[in-house]
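Chain IDs A, B and C follow the sequence of writing; residue 1 opens each chain.
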Amino acid sequence: LHAEDLAPPKSNRQKWNFLSECVEKAMPALVHIQCEPPNNGQPFSHLHSTGSGFIIREDGLIVTNAHIVRGMKQVLVKIHDGKIYYGLVIAVDHVSDLAAIKIEAKNLPTLKLGDSKDVRAGEWVVALGSPFDLVNSAAAGIVSSVARGSEELGLQKAMEYIQSDVIIDFGNSGGPLVNLDGEAIGMNNMKGPTGISFSIPSNYIKDFVERAKVIDERSDNTQKQCFFLGVDFLTLTPNIIPELQTLRPDFPHDLGMGVVLIKVARGSPAFRYGLRPLDVITSINGQPIKVASEVTAAIASGQQLKIQFRRGQLTYETIVVPQPQY
Amino acid sequence: LHAEDLAPPKSNRQKWNFLSECVEKAMPALVHIQCEPPNNGQPFSHLHSTGSGFIIREDGLIVTNAHIVRGMKQVLVKIHDGKIYYGLVIAVDHVSDLAAIKIEAKNLPTLKLGDSKDVRAGEWVVALGSPFDLVNSAAAGIVSSVARGSEELGLQKAMEYIQSDVIIDFGNSGGPLVNLDGEAIGMNNMKGPTGISFSIPSNYIKDFVERAKVIDERSDNTQKQCFFLGVDFLTLTPNIIPELQTLRPDFPHDLGMGVVLIKVARGSPAFRYGLRPLDVITSINGQPIKVASEVTAAIASGQQLKIQFRRGQLTYETIVVPQPQY
Amino acid sequence: LHAEDLAPPKSNRQKWNFLSECVEKAMPALVHIQCEPPNNGQPFSHLHSTGSGFIIREDGLIVTNAHIVRGMKQVLVKIHDGKIYYGLVIAVDHVSDLAAIKIEAKNLPTLKLGDSKDVRAGEWVVALGSPFDLVNSAAAGIVSSVARGSEELGLQKAMEYIQSDVIIDFGNSGGPLVNLDGEAIGMNNMKGPTGISFSIPSNYIKDFVERAKVIDERSDNTQKQCFFLGVDFLTLTPNIIPELQTLRPDFPHDLGMGVVLIKVARGSPAFRYGLRPLDVITSINGQPIKVASEVTAAIASGQQLKIQFRRGQLTYETIVVPQPQY
């Protein structure tokens, strides 16, 4: 007779809550990332771009999306127990939208990177992150497609994404997509229409981390000036235009490319010079804008930006100066 | 040899449908609540505020949200078998947004209130209610956060909510959030953006019910005059402003507080005097409005209301007289 | 000792991914359907109405929604391995919104039609299809209600639907709703607000297929001229009006009936003559329009259509000529 044969029968709740195990195992490795505030000492305000990331090495190696660190050399990192660290951005890849951050710490909880080649359609996944700034939130769903090609999303690069039906928000960006064994099989990256979410497969992250380690070793900790505009944006792809048109009936339908603003922080430079959600940036300083990384690069330059944008059927122009961070 | 060893092997469908058991166990205790119609005898029309509730004592003690009964002393209650009762509102707590209703009946199916301290992140939950007036609907998800503080939601009270990724609608308000053991661990209370839902933990409900029982015993069944304006509303919190701005690009961004209208019933007093969805009430009779319960109280007064509200960048004023119910 | 007693213990991922089995079993029978392109040879472009369907007989009998084939005699069918076939529309029932298509093939993977009388509230289901043109996508959820009456949805016919909380899009229309045993218990048919989806129960499909077989045998393969307007639409029902009003604050609230446009294809006849998403068609050629099938029939006539429609509080009129297909 085994001990478990004598144990009282498990209730349904005890028997079937397999997602709780996976959430409880993975959550401690989740981090919340924020660019430093410009003028006051209040960290983690709503004014600034924030996102998620996760710890993959117990000495503080963290991965996140490149668009979250947006050209900064140093960011604030809040870990699960509430401690806040300065994190050094040690590597960025704008094509895959991956970034590596290093904080000075020891014995941190980590998340193992799974093998994304092994992912099955229909398998349970949990997205961890900070949707709408609600930190340490978990949401569940299944893998909808194991390898959605970037060309199907209208993106001009050769990548494949894990598509899931988990409901995520921009605040989930950079956070892990976790399987039932508590491994990160992807990093949440893009939100489509509700119930259509895209994650960067973990094998891309593994490759990136290998390269980042090299950079980490030769890192000289030089801090460079960083800049802030106050906008969240994403590359305009044909398949999201119908949804944007439903949100705003006069959303331009004749745009083949551009970058659409999703959020504009109140009081930010972008806000003060007239940019608003659902505006579409079509050119900066005379150069046509096709993908989000071009906007990131323009902001990082710190120079005055002459931005042309579409709102409904009209075209506008504004001049904005990114705000230095420190 | 046991009988079950000889039984044919279960199909996947028979083995894994653990949520069906929980829905079938809990559904009979769900009720549908409606304020009485003003002018005609047609109950459960679309004109009036409706919501959900659930039976917690077999002699007809029902709990729901305070904002559903909105100042009324008597409401209509439809139970699972289709029977309609008059229910007496015996206790209301506007801070926690809880109300207790008593119907005269016996041997009703009940739902047990679980222990909300015991809830785990990632555990399966089912929300029962009437989203978009579709009665007896079930929706599933997981617990996203076991204790989301009201201050994180911009609410000025000291409460914690269970956050889940279940998709609910205002018609789910007052309905139970059920765990896999078929216990109510919360009451669905607020809808954030899609996939972000908040429920009042069951331990708050237990405390409230203890107090309500005392009131029940001394209840004198006096009916007081009740009033109707025809609006569904919720307290404006900073974290829902970005979503409202996406729905309506000119939604005011400079409002620190107010109460935003979600639905305005066609033909209601509010509708006839110009109020529309997404208007934000900022003051009534010269008093600034900060939380939803102040609007409820103003309607319940039955007096003429001078309502100041924001629509886009403009401020309007209207005078409305709540309509007596019976 | 059994072999399985010696096997290493399964990981949570291996133990609990019961939805993967069901997706992997059902996916090969899913097909993608498109009306033929009018002017160029590029199949499966975004210009045309597309939808999903599934194979129910290994010699190429396929079922889908009637509104997807919209009056055409022949459509393009892409099966799971990428092969494209011409499919003959052999039967259409506009009341139940079902159509049967036959392609010339052998040994195709099929999906068994389950018994929809046997469906339980709360049981796991997976919707397969092409939401937002993302082919072969899977999304999961539970059955919210086993028999939602069409009268509750404001539809003037005597049908019942399976309501689920799966997030679907118009591109899921015609695709299967699959249970854990890998059987189609319904066909995805209508999208309500997010998280409220309606499927035609499989027993309706069985009845329809019986009738379709007879037609198949006497089919003479006559091809008739078909027409294209470039719109996706659905019958306006009272319970979707509040959601449409939130999307567009001035959406008309005084409309008792009509057909609301959901998508208008860029460059299509409808688009060129001024129709836009969220317009409500109220009459065609002087006849009041109450249900979607009347619009389908008008387009199929190929004649010039004088369309009266509401946009916000104003009424417009336009004259459109459907475009011949081949």
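Simple rule for what comes next: a contact is a pair of C-beta atoms (placed from the backbone, for glycine too) under 8 Å apart; a residue touches a chain by one contact, two chains touch by 3 or more.
Everything numeric in this text was worked out from a predicted model, so none of it was measured.
Because chain B and chain C carry the same sequence, their contact can be compared by residue number, and under half of the numbers here are used by both.
A rotation of 120° superposes the C-alpha trace of chain A on that of chain B, rounded to the nearest 5. Between the Cα centres of chain B and chain C there is a gap of 33 Å. Residues of chain C in contact with at least two other chains: 21-22, 167, 194, 247.
Taken in their complex, chain A has these residues touching chain B: 11-13, 15-17, 19-24, 27, 46, 126, 131-134, 136-140, 167, 169, 194, 247-248, 262-263, 266, 276-278.
Contact residues on chain C toward chain B in their complex (touch as defined above): 18, 21-22, 120-124, 141-145, 148, 152, 163, 165, 167, 179-182, 192-196, 238-240, 242-243, 245-247, 249, 253-254.
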